[in-house]
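These notes are about the structure you will find just below.
In this document, chain identifiers A, B, C and D correspond to the written order of the chains, with residue numbering beginning at 1 in each.
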Amino acid sequence: MTPLFALLFESLDERLRLRKPGRKVLNKVFPDNWSFLLGEVALFSFVLLVLTGVLLTMFYRPSTDPVTYQGAMSLYEGRELPAAFESIVRMSYDVPGGLFFRRVHRGASHLFIATTVLHMLRVLLTGAFRRPREVNYHVGIVLLMLTFAAGFTGYSLPYDALAGTGIRIAYSSLLSLPYVGEQVAYWIFGGDFPTGNMIPRFFVFHVLMIPALLVGLITVHLMIMVRQRHTQFPRPGIDGHRFVLGKPMWPSQFALSTTLILWIAGLLSAAAVLIPWSDVLLIGPYVPGEVGNNAQPDWFLFWLEGALRVFPPLEFRMLGMTVSGAFVAGVVLPGAIFAVLVAYPFVERRFYQLEGDWHVLQNPLEIPLRAAVSVGTFSFVLLLSAAATNDILSRMTGIPIEAITWFFRLTCAFVPPALAAGFWVYSTRRLARKNMTVPRNEAEASNTYAAKAREA
Amino acid sequence: MSRARLLPVAAWAAVAVAAALAWLAAGGPGPAGAVQQAPAEETPRGDRLYTTHCARCHGADGRGATDPHNRAPTLVGMEAARVDLVLRTGRMPPADPDGSGRGRSWSDRDREALVAHMTALFNLEGPLLGPEPGDPAVGREVFATHCAACHGYTGDGGVAGGGAIVPRVVGLDPAVIAQAARVGPFQMPRFAEGQISDEELGDVVAYLDEVAVEQATPLGLGELNPVFLSAFAALLTLAMILSCLFLAGRVTMFPDPEPPPDVDGET
Amino acid sequence: MTEKRPQQRDEGKGSRRDTERGAPDRGPGDGAHGRQAPDHGAHEGLYVVGQHIPPPSEVNDTIVMGAAIVAGLSAVVFAVGLLAGAGTGVYGSALAVGLLAMAIAVRRYFAAAYPDIEGLEPRELPDADPDDDEPVTEVPPVARRSLLQRMLVGAATLLGLGLAAPVASLGPSPGDALRRTHWTSGRRLVTTDGRPLRPDDVATGGISTVWPEDAIEVENSAVILVRLSQSPPQPPTNLDWVVDDSLVAYSKVCTHAGCPVGLFRERDDALFCPCHQSTFDAARGAVPTFGPTARALPQLPMGVDDDGFLVALGDFAEQVGPAFG
Amino acid sequence: MTPLFRFLFDALDARLRLRKPGRAVVNKVFPKHWSFLLGEVAMFSFAILVATGLFLTMFYRPSAEPLLYTGAAQLYEGRTLPAAYASIVELSHDVRGGLLFRRMHRGAAYLFMFATVAHLLRILLTGAFRRPREVNTHIGTMMLILVIALAYTGQNLVYDLLAGSSLRIAYATLASVPLIGDWLVVWVFGGEFPSEVVSRFFVLHILILPGLLTGLLVLHLALVARQRHTQFPRAGVDGQRYVVGEPLWPSQFAASTTLVLAVGGLVAAFSVLVPWSDVDLHGPLRLGQASNAGHAEWWLFWLQGAITIFPAFEWEVLGMTISHMLAFNVVLPGALFGLLFAYPFLERRLAGYDPDLDNHVCSRPLDVPVRAAIVLGVTAFVGMLTLAMTNDIVARGLRVSVESVMWFFRIAVLAVPAVVAWAAYARSRSVLRRRRAPGAAAGSGGDAPGGAAPANPKVSA
């Protein structure tokens, strides 16, 4: 510690008495398992998103008013473009490093969303959501939704033709809400699509509201985590119910995390060099009434897009409201999936009459319901996502798109239930084979674990 | 541990490979060539080529046939552009007897001779188009208005349903692009002078050339369709997970239980 | 490396590092214990010096209720006034009154329902305070306490709802804007760059995107003009709206999710939406033949005016674009 | 507590063990004195600013591109305006509730500014900045700077004629910095005036500055909680070791809830009565247009006053240009804020405190002669500059020439503070002398150390 730093620290400590709380923080223990790093990766990519994002806001112009582009990009030189798209072109061609930071930003967003999803999967499968952690699990789900919202609004801001099409589809999904659809769509878009308020509002959503919520909820997420301590995987000879075992924040975990964030930043920069994330210049600005072939959203919305593509034609009126395929596939279905996620902890607890607090993680195959539900749900989402690529598949395989769509219609309907049932049966048999039962409380769990240990 | 050390390296190798694949999937660079207007003149060369390759189905008089196993259309009065296009794209003579598939690719010399011969013989109509590249900026707008709906904003192609595949049009011979727009081969709609003027066709050609040379990254990747991008997002995530495996001390999640040590850890 | 020193999960007491190192488990309370606070009767970490128990007072309760009612009512006035487009003065003052009244209500309620405590807090909080949750002290219940509480909650709710009213300002009310387009009788069909079209401008098997001459690039009015090449149009196509037996115009806004239907398969006269692959038969009134949509593309009533230009004969008969309502 | 609420609370408590930390929070003691509420007023007006601001962002268009306005405002119907100004007109005339929320935003901003400054003065005059609280004083000073920056960017987003003038002044101020001035201009404005400034200021105003302010606010409060409040001396209480006051629950909670509602109500009431921020008649910013009597906002009077009354000059020094703008719009405010940052240490040095002694008891403004002299003197100086900006109005009112008014201020701005400082110093000396007189210890709750007198014998001796 350099003398200057020492002096500063001493004088601060005299005034704030930092040592004691400081020691608590530095002694916080982090279980060391690779899967516990997924959350950290998400957090760090969010940090990078904020840093790059703040830079980008300096050049982005949230407006669709036509402006004349003058700059190095010959395709658009001297032509009228929507201000938003014009600023993207300028950012990419005339601002030093602009294109790079746009790519880092987009790459980080992919990483952010992907690792958030994986983190959530880890929590779901290993049972880290069980009492007392339901609260934090729900906070996490809200965070997941927010990441999707942030991703979508960000994808829309360049106002290229793909973005415009995406906004158009979102607008249609809003319209499809029964009774209130039109008014809600008008409230959010400030009028009939496309309005001049649309892009400015998406900008505010993307740079102000969603990030603010994200920051707030991430703070809550971490505070609850600190208060409740980490869960951890079973370790022979450790009573995980009463002790957390792992690396103290200082120095081990600190070192690890520092490495991690540097590594992520490096990886993203490399990816930004190699992969044209978010290059939309040839796609051109959005012009109402035009759409290009193979228009897809970003991957994390494939499941919604896929649902829209494969859902059978449907439109009828009932109780004075219009129920359309777009409504069921674009609103009801995702709602249902998130409802399952939210409700699951309580369902499981009720189903197996679980008791008490749980701090030790659990192999999903040792609790059939969880295995079945999670596999069923996520295979469904994955199949829907695959369905969103039906045009690409058709083009690569030469199979007519109608056939492929029908294939996905059938698989989406029948494969997930089949998989769920399969996993149910398998894990039940597995339990029987190991003559184990689903433990009611943590003591029981550790007993069975000790029993297995004695057998071994 | 040494295996774990290799993992990130492997991941990057995978990135490179996938990038190359994506590039190929996106079609890679295409040929470019020049065209001249073909005069109408009967030549022995053209005559020989016609009798060897075309007459069997279309008949020596070029009136085609209508019996079930040979539905060759009449060539008399057909647009020269269409004939030229069909030959340029190698669709005639067909590889398969049912008229589908791509046959031989003609040398410019043969093709010109044949078209000239047929023009003289069956008085094919209309000019052959060979637009000079114009203003790519205008071309982009024309392309977005008339072509992007099927061929995609970057001319990448796609599907049109009913088993129809929309071809990638980047890096094609200007003549092919221009004549296709005019005659609307196969499933493609026709575009008259009133919709796309000749010089606008030139602009479109220029835009597509621009797209062909655009290489946004050292991997030679141009702008990618979100589906291909998603593949890279997956690779990025994978690389990240491998990094986590590499960084974390403990990789196994549910270790096989071993007899507990003497310290007792029961609740 | 781990020795088992019992550790309460729920109290951040002690330092785990010390535990693992086997050092004596010093609670963070150290240093704090030396000081003794003047004995005013220690109570759960708060040294109560003195407190004044409010006497029950009917007057006070009436004030609370009155204020709460005023607050609630003015919240309603604010919301209604805003929505009904009343003058700024009206709902503005309503908001002001509401907030001020609420302030009074809260103030008076606390004055009546809780003791007025004065306490001493040591600068070093003793960390080991008893884990009980008795109230600070017993207060004689205010008359009609629950009623007061309900009224406060009610007023607060109304205020909350009232403050949600500005949501209505975010956009105009749609009315039938989504059910109408800019097509009216005699409107010419023009291309995106504003050229009016003659029938022969569209080649056989050709298509063109057209707009009402005064509403170019107004999303909902987009129309795709198709020159059928395979088969002549037949019902349910409205044949009166077909020009020289092959030129037909449909709304370009997909009836599924609103993408522009820009893709025409000339061989089977099919219109195809590249977003979700809805397919329409252009020769048969654009009825859907495949994909996720259930409704046909509305056909534009079309004819030719005296100068030989294509014109609309009126607005679409059916609703344009995706489903809503 | 309704059953539902109780159920939720118990469920949470069972999982998070909220009771104990909760009790620590609800038992936090707040000294009971009106001046301790100034900070809360500032905080609550910030809350109002955020709430109304979010509403406004839904309609504001951060762009200067010409836009055809079609709406209810007769004045601009069918005219082409800069998009930003057009959206302001739209907010005021076509958006239900728009004008009210714009006015509330402006009113709350004024309240925020006022309360922050008042809070700062309280801290300075009562010595709440002394060890161990120098850190928090510095954080507070940074927050004041952020508040000024927020107010400035916000006022210019309107993009009316006045914004034009103030933007030009900012442009000139930045440019006046030697050597790097032109770079600063480009970095902030993104090019020639006005170019990118609207979108830049928008991002600053809604994202960056509020973000920083929120962060510092959290830190500020965390430090208050950690170091406990200061308090005024009280008989029979060892203020060095105990805080006397009302616990957060219920007393202080009631007080604060009342306060936030009152602040909201007052801001709303004033917004009905006072046409804050009605700019319809100003018209949009047009290059090459400026208006007479284009005064800055009141909280900038002192700066405008400085550049108004002081004689202009421009020297070439070592190839740099030292200009009037530089001296009075860059150096002067820089010096004042520098003094503010340095003051805690300055006073410690001047009054000769024991550097290792903590002070938790506020002293009365006149308890320390040095402080009285410096703080009141500087305040008077800024106040005189503020008055000086109104010289044209004074001249009109008194029917005298602007020049004479200006000359009056040129002298007064220097003389008045000197007099004030001297008076304050003398008065506080006499106060101390009287207090040292026997039998005067009563009001000072003097079971020392640190009863009433600054925690140091040397000063009172």
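The rule is simple: contacts are C-beta pairs under 8 Å (C-beta built on N, C-alpha and C of every residue); 3 or more make two chains touch, one makes a residue touch a chain.
The shown structure was predicted, so the numbers you read here are calculated from the model rather than taken from an experiment.
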Chains contacting each of chain A and chain C, listed by label: B, D
Two chains sharing the most contacts, counting C-beta pairs only: A-B
Chain at maximum distance from chain B, centres defined as averaged CA atoms: D
Whole-Å gap separating chain B and chain D, where each centre is the average of the chain's CA atoms: 65
Rounded Å distance, chain A centre to chain B centre (Cα mean): 35
CA centroid of chain B to CA centroid of chain C, Å: 44
Distance between chain centroids, defined by C-alpha means - chain A, chain D (Å): 40
Where chain B touches two or more other chains at once, by residue number: 145, 148-150, 158-162, 263, 265
Of all residues in chain D, the ones touching two or more other chains: 17, 58
For chain A, residues that touch 2 or more chains besides their own: 190, 228, 238-239, 242-243, 287, 290-294, 391, 401-402
Inter-chain touch pairs (all): A-B, A-C, A-D, B-C, C-D
Chain B residues within the chain C interface of the complex: 145, 148-150, 158-162, 164, 184, 186-192, 194-195, 263, 265
Footprint of chain A on chain D - complex, ascending: 12, 14-17, 54, 57-63, 65-67, 83, 131-135, 190, 199-200, 203, 206-208, 223, 226-227, 358
List of chain B residues in touch with chain A within their complex: 15, 19, 25, 136-137, 140-141, 144-145, 148-154, 156-163, 165-166, 207, 210-211, 214, 216-219, 221-227, 229-230, 232-234, 236-237, 239-241, 243-245, 247-251, 253-261, 263, 265-267
Parts of chain A lying in touch with chain C, wherever the complex brings them together: 20-21, 23-24, 26-29, 165, 168-169, 171-173, 175-179, 181-183, 185-194, 228-229, 238-239, 242-245, 248, 287-295, 305, 308-315, 321-322, 324-327, 329-330, 359, 390-391, 401-402, 405
Chain C residues within the chain B interface of the complex: 2-4, 191-192, 197-198, 200-209, 227, 260, 262-268, 270, 272, 274, 277, 279, 290
